Amino acid sequence: MSRQSNRTTDSKKMNSELFTLTYGALVTQLCKDYENDEEVNKQLDKMGYNIGVRLIEDFLARSNIGRCQDFRETADVIAKVAFKMYLGITPSVTNWSPAGDEFSLILENNPLVDFVELPDNHSTLIYSNLLCGVLRGALEMVQMAVDVRFVQDTLRGDNVTEIRMKFIKRIEENLPAGDE
Amino acid sequence: MQLRMAGSLSELPPELCCRPMAFVALTGLDVLYNAVHRAIWDAFCANRRADRVPISFKVLPGDHEYPKCRTKRTSYEWYIPKGILKTGWMNKHLNLVPALVVLFYELDWDDPQWKEKQSECATKVEIVRTSLQGRNTKVAVVLIQKKTPLPPGEDLVASERAQALCNACELSGKSLFVLPHTDHLVGYIIRLENAFYEHAQTYYYTEIRRVKSHKEFLNKTTHQLLFVRHQFKTGFFSELKQDSQNALKYYKTAYSLIHELRAHETNILEIKTIAGFINYKICRLCFQHNTPLDAIAQFRKHTDLCKKKIGNAELAFEHTAWMSKQFQSFGELFDEAIKLGLTAIQTQNPGFYYQQAACYSQDRKHLAQQLCQPGMIYPSPDPLDPQTGGLDFYGQRPWRQGHQSIDPPNTEKEKTGILALQIKEREVPHSELIIALLSNAVAQFKKYKCPRMKSHLMVQMGEEYYHAKDYTKALKLLDYVMCDYRTERWWGLLTAILTTALRCAYLMASVKDYIIYCMELLGRASTLKEEQKSRIEKNLNKVIMNEVPDPEPQCDQSSLNAARSLWSDCMALAGLNELTIEVQDYIPFIQCKARFCSPSFHLDQPIQLQVFLRTNCPHSVSFNKLTVSLSNQEYNQWCVMESSGQETMNLLPGKTKCYNFTFVAKTEDVGKKIEMTGVEVMLGSDHSRCVYLGWRGAGGDAASTHEALQASRSSRRCGRNVEMQQELEWDSLTLQQSTMIISRVPKISVHLNHQPPALNNEIYCIQLTVQSQEEGVAKDVKLTTGLKPGQDANLGQTTHVILDDAKVCDDTAPALLPDILLGDLKSGEKLEKCVYVRCVSTGPRVFLFHVAYSIETTVEGRQIICKCHKDETVTVETLVPFEVSVKFLSTKFEPLDQVAVDIPFLLMTDILSSSPWPLLLVSSSLQLATMVSNTPKLQSQLQEVVLQSDECASECFCLRCPPLTNTNTTVATGQYLISWKRKSSSTDSPLIQTTVTLPHVILESVPLYIHADLPSFGRVRESLPVRYHIENRTTLVQDVEMTVEPSDAFMFSGLKQVRLRILPGSEQQMLYNYYPLMAGYQTLPQLNISLPRCPTTSAHTLRRFLPQCIFVKPQGRRLDDASIAAA
Amino acid sequence: MADEAPFQLLHYELLQYIYKAADGGDAEQGRNVTKLESMGFRVGQGLLERLTKDTARFKDELDVMKFICKDFWTCVFKKQIDNLRTNHQGIYVLQDNAFRLLAQLSAGKQYLELSPKYLAFTCGLVRGALCGLGVKSIVTAEVSVMPACKFQVMIQKM
Amino acid sequence: MAVCIAVIAKENYPLYIRSVPTQNELKFHYTVHTSLDVVEEKISAVGKSLGDQRELYLGLLYPTEDYKVYGYVTNSKVKFVIVVDSSNTSLRDNEIRSMFRKLHNSFTDVMCNPFHNPGDPIQSKAFDGIVSGMMTQTG
């Protein structure tokens, strides 16, 4: 008998769920292992960073995108290409600082938190903090030091999720990349 | 009669429930005194099985008065019916008004007084006829005759007289029967009754027609009641006619008609009652027709239509009683049908109807409690006693019969009537009814595998018993279901049941039950609110303090006082103030988990055991004693903890307490398991009441395993929030119910010193050093050493072990030396032994060195003697020390495949060492069998030779094989003996003799032995004398032809060709003078020899022993030297 | 294919994290494997719940295993199990000839002893999914030649 | 429409029970619990009987005088039970189905919440929301 018929399995979609769930398992494991949320957030950021520095290779390889001219272009690439490619969403880029060195990514929906409901005893947990790490790591590989942090999170009742990115400086080629 | 009417308006009358059968009256039978008649009667009544026609017979006197038939009214003008169905009607047609009256009369055709008898019979018929005035009832006559009749037509007298009789009695021929009273009575009877049945059917047929005929006179406005009545009657008659199909049809129309009636306060009861009747009939018939779904559908419709028809609110209980009855009787019909072969299913079985019936009965009870105030006086005259004697119509109020108009009846009468009914209702044993229905339902649900439904109903039964104040029964049921809900983890339900149970326990002052229920209601499974819990806890403490607890809320006041006195009694009761409760299978308010701190302890370690206790109830719990019992009771004394003096041990809510016990194992328990058999916590004290809570094994309870499983998967953080952390820790605490006692760790070192591999046959020395690190003296140290048991069996034969002091290590030595006493070892003392092993075969072996001793130590201040032992094993490979190879060579060092008799040859031996260690070859020797040495004395050429590994030692012996008497071609050479030892081994260590048997050789005899004497070298241009010896080895004279071939390396002088004769055994010599011409290795001129006498032997074989070439030195001149150099 | 990369990297980070946590003795290693396994278990449960939301109820154990080999595997690794064998006594062997999570490990002996790390999570996934379908089991995995991989499922009768 | 909605664990203990506050909660607990008899029976029927017994929706479990009880089982053997007032005749079978679907979807999300421990009682605002929606909205 063939069950295939009555099962609709969109492998791509499932995969994203696999990712989401695995990430969930990671976060809860960290929550078990660490004393408080702050440490968990740190750890998430660190892991994100490690992923970022590797992911950028894959990214540059698959999206043949050259050097960005300025931070604005970078922002667009991140939002329109990178997020689309890896999370299947396209956050909007807003709230540019007058100096043009700081902007926000607004995520209407964040696949990482699809099913998550935070228990009350995790008030200070930044569940998706991995993303910050990823962005930081990836950009560092293209000689951009940035500061990334969550300023709004639907998980904590805000009606959107907002990631704030601030450009710090260009990294000279010869500098060793990152702390890892 | 009276009671049935009043007590149970909801009851279904028997005349409704029975199966209607044609009613036939038999007259003229004297069943008392007339044996013949009696026999006939019996034949009618006896075994009326399904195969007999459905008739109910009655014997009536000939002059019986049948119910008068009212004069038929010609018109229904002005006629207002007083009710739907008369109470008497059904009974009348079942038992009073026959369909057929049969007159029995004894008369034979040839009776002498025929005339008289005929007229007498006619008058009897007449009497019956008159009393049935106006009815359609038929009359038949049966003549009881002594003679067997002739076949019809033959007896002319008979037929003629029969005709006459019919005329006399105005009977049709069909109604006259003859019953010959002979031996085949039953046969005749059956034929008769079939005939009667036909008559009956026609009768009921006409009845139906009659009733129908009224229809045209009726009008919709005033006669709705009659429509119903008539439909019912036709239905009923059809049943009597056994025409169930039509009966069903009529009943159905009747049913729909009755719901068209305008229902109001005064007639609603009547409508419901009749509706109930008709519904009953319909359902019954549907089941009978095997259409259960129709039955169910009809019943649903019925209940849906009626459940809102409550009628007088003050008598609401009546309605529920009625509803209950409806469900019950349907359940019974259903059940009956199943007994007759219908198959029911889980979701559609009688149980549901019994359950619903019970439900309505419960409502009835509650309504009764609300509506029927106690202490009212029963009114007189009794309004429920209809002066008219009996009730005319079903479902009417006795005090206002036939009152059909909408306008309200006499309010005063109404009041008293209602009051009377209410008072009567109070006398009804509601609980009994409910319980009976419930237990019916339980039986059904059991049958249709609905365990949960069953438990639910049992709970209801329990509660009902509680209301009926039968607490023992109540608890029996509740206890039974409790564990179901516990194992299925339905805490809400469990708590509900426990609460009821607790009330029972309180009301019957059953201390143990009371405590048990309290414990669980305080436990973590209980869903009670905090304040309820703290109330219960207070009560529990009171009971433990041997005081009377406060009553449970919602206990009915009436029984409280009784309870109080019961309690004070049992508190006063001295003695049985001690009770033990096995709490494991509950979810008690104290949790217990115990564990040994390790799955095994060494004998000299104190055994540590922890008991964790925890409570979830609102206030702290104090207890006075904690004991753990173990599989070996001797240890129990160490596992007791008692509160010292005043202050008790106590548990704070939500906090885990850990109690530690330690004790020392007994020496004899080494290798044994110690198991916890139980843990006990004692609440209260001797001077109040002692309650022992007992856990089997290492604790845990009905819920703990599941909790542990959940905890193991939980993602909750350890260490974040203290309260939660405790929780988690508790749940993930694992029990360790048993521990192993293992022997003390030895404090000695066993070192082995040896040089592997062992060499085959050598006496291999393993040096054993035992040193004690004990503080005390290691007493009677024993060594067991040798081949480790359990290896390849034949290793046992090929391994021999001795200890140093023993001398020889021959094949008698065993493979394993057990329990060699080595005395005592002081602290730090060292002991050395050499174990010698001789391995006769090669390959790996495991050797065991087992050193055992006993020592005194103190654990926890207790002196104990521990046996310790240390095992060392070592695997030793055994190799052959060297390979010996032997070859035979000619004196010219050419390899020989055979040796010639009496001609010297060389034996060369090579000893190739394969030992990693240098070997000392002390000596070697030959033991010759047939051979003899060619040299005066053989002595070893390799004495004291040291062979490094892979080195080879060779020696060479010159031998000769003397001529043999026997003529076998191969001969044994002999043996080669090598005595050797390791270079490293001490001088006094014994030598090892290795004997190599030398190979046999093939022997040949040669006819002629030719050999030559010549100098070891020649010199160019100097003469070189060569003397050839030719020996004749044959027994014949031999002619020998010799020629010397010319060679350009030599010139020579002497006979170039010669022919000579040699006598047997003698020798000839030929001298030649060779003159070398060139230097270097030169082939000598070839000597050709032939023996004409024995042509087989070729020149070649004869030439074998001659040298072929010789080294020629150049001349000793300078320029010649140069020339040589040049050359 | 879209979001394969992040998962691969995340999984890799998972390993790094768990194993960096403590490079203790074998006991420690064992505990780490268990940790990974139980994380996989949880994920497997979740996935299964979603995956079987619209499917008919399962007929029997074999039906369940087929599902794991086809649908479940396809959804997680975008390929079916290449070979399913059973002894009909509750032991099943699922073979994946090109196991995705081993893909980034280059072949060669020196990586073989690393493979337990890389398989623990997936063993958990499978066990979780099976448990979700009411089949209690023990799942182990072994690699003979990269990147082929055998998962052995031992059903535990209750 | 629904007067009581329950989620029952594979091992048949309640993970979630909500009933309309107006009526006696305990009674619903019993109703749901007893309905499990039928659920079990229907589940065990799979494979035995021919025809497609394998739908997740189990249909009407049994009618009582005043309630209709419907059942549904997920492939992970978690059961959903919905109790409806039998007076509520307007309710069609496919409406019940869609209620169960909603419930199942929401339940699946709960199962995927990393902070939820499968087998523990369901504590989820989202799920609560769905359930209350079904209990208030008039069908």
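Before moving on, here are some points about what is shown:
All chains are identified by letter, namely A, B, C and D, in their written order; residue positions are counted from 1 within each chain.
Operating definition for what follows: a contact is a pair of C-beta atoms (placed from the backbone, for glycine too) under 8 Å apart; a residue touches a chain by one contact, two chains touch by 3 or more.
Which protein is which chain? UniProt says A = Trafficking protein particle complex subunit; B = Trafficking protein particle complex subunit 11; C = Trafficking protein particle complex subunit 6B; D = Trafficking protein particle complex subunit 2-like protein.
Predicted model, so just to flag it, every value in this text is computed and none were measured.
The chain with its C-alpha centre at the largest distance from the centre of subunit D is A.
No other pair of chains shares as many C-beta contacts as A-C.
Subunit A and subunit D have CA centres that are 38 Å apart.
Remark: subunit B and subunit C have CA centroids separated by 30 Å (rounded to whole angstrom). Centroids built from CA atoms put subunit D at 31 Å from subunit B. Looking at subunit B, one finds that residues 713, 715-716 touch two or more other chains. Under the contact definition stated at the top, the residues of subunit D that touch 2 or more other chains are 112, 114-115, 118. Of all residues in subunit C, those touching 2 or more other chains are 42, 46, 50, 55-56, 59, listed in ascending order. Considering their complex, residues 303, 346-347, 352, 356, 359, 449-453, 456, 459, 488-490, 492-493, 496, 709-710, 713-716 of subunit B touch subunit D. Only residues 109-110, 112-116, 124-126 of subunit D touch subunit A when the two sit together in their complex. By the touch rule above, subunit C contacts subunit A in their complex via residues 1-7, 9-11, 13-14, 16-17, 21, 35, 39-40, 42-43, 46-47, 50-51, 54-56, 59, 63, 66-67, 70-71, 74-76, 78, 121. Against subunit D, the residues of subunit A that register as touching in their complex are 17, 20-21, 24-25, 27-28, 114-119, 122. Chain contact summary for the complex, subunit D toward subunit C: residues 10, 43, 46-47, 52-56, 73-77, 104-105, 107-108, 111-112, 114, 118.
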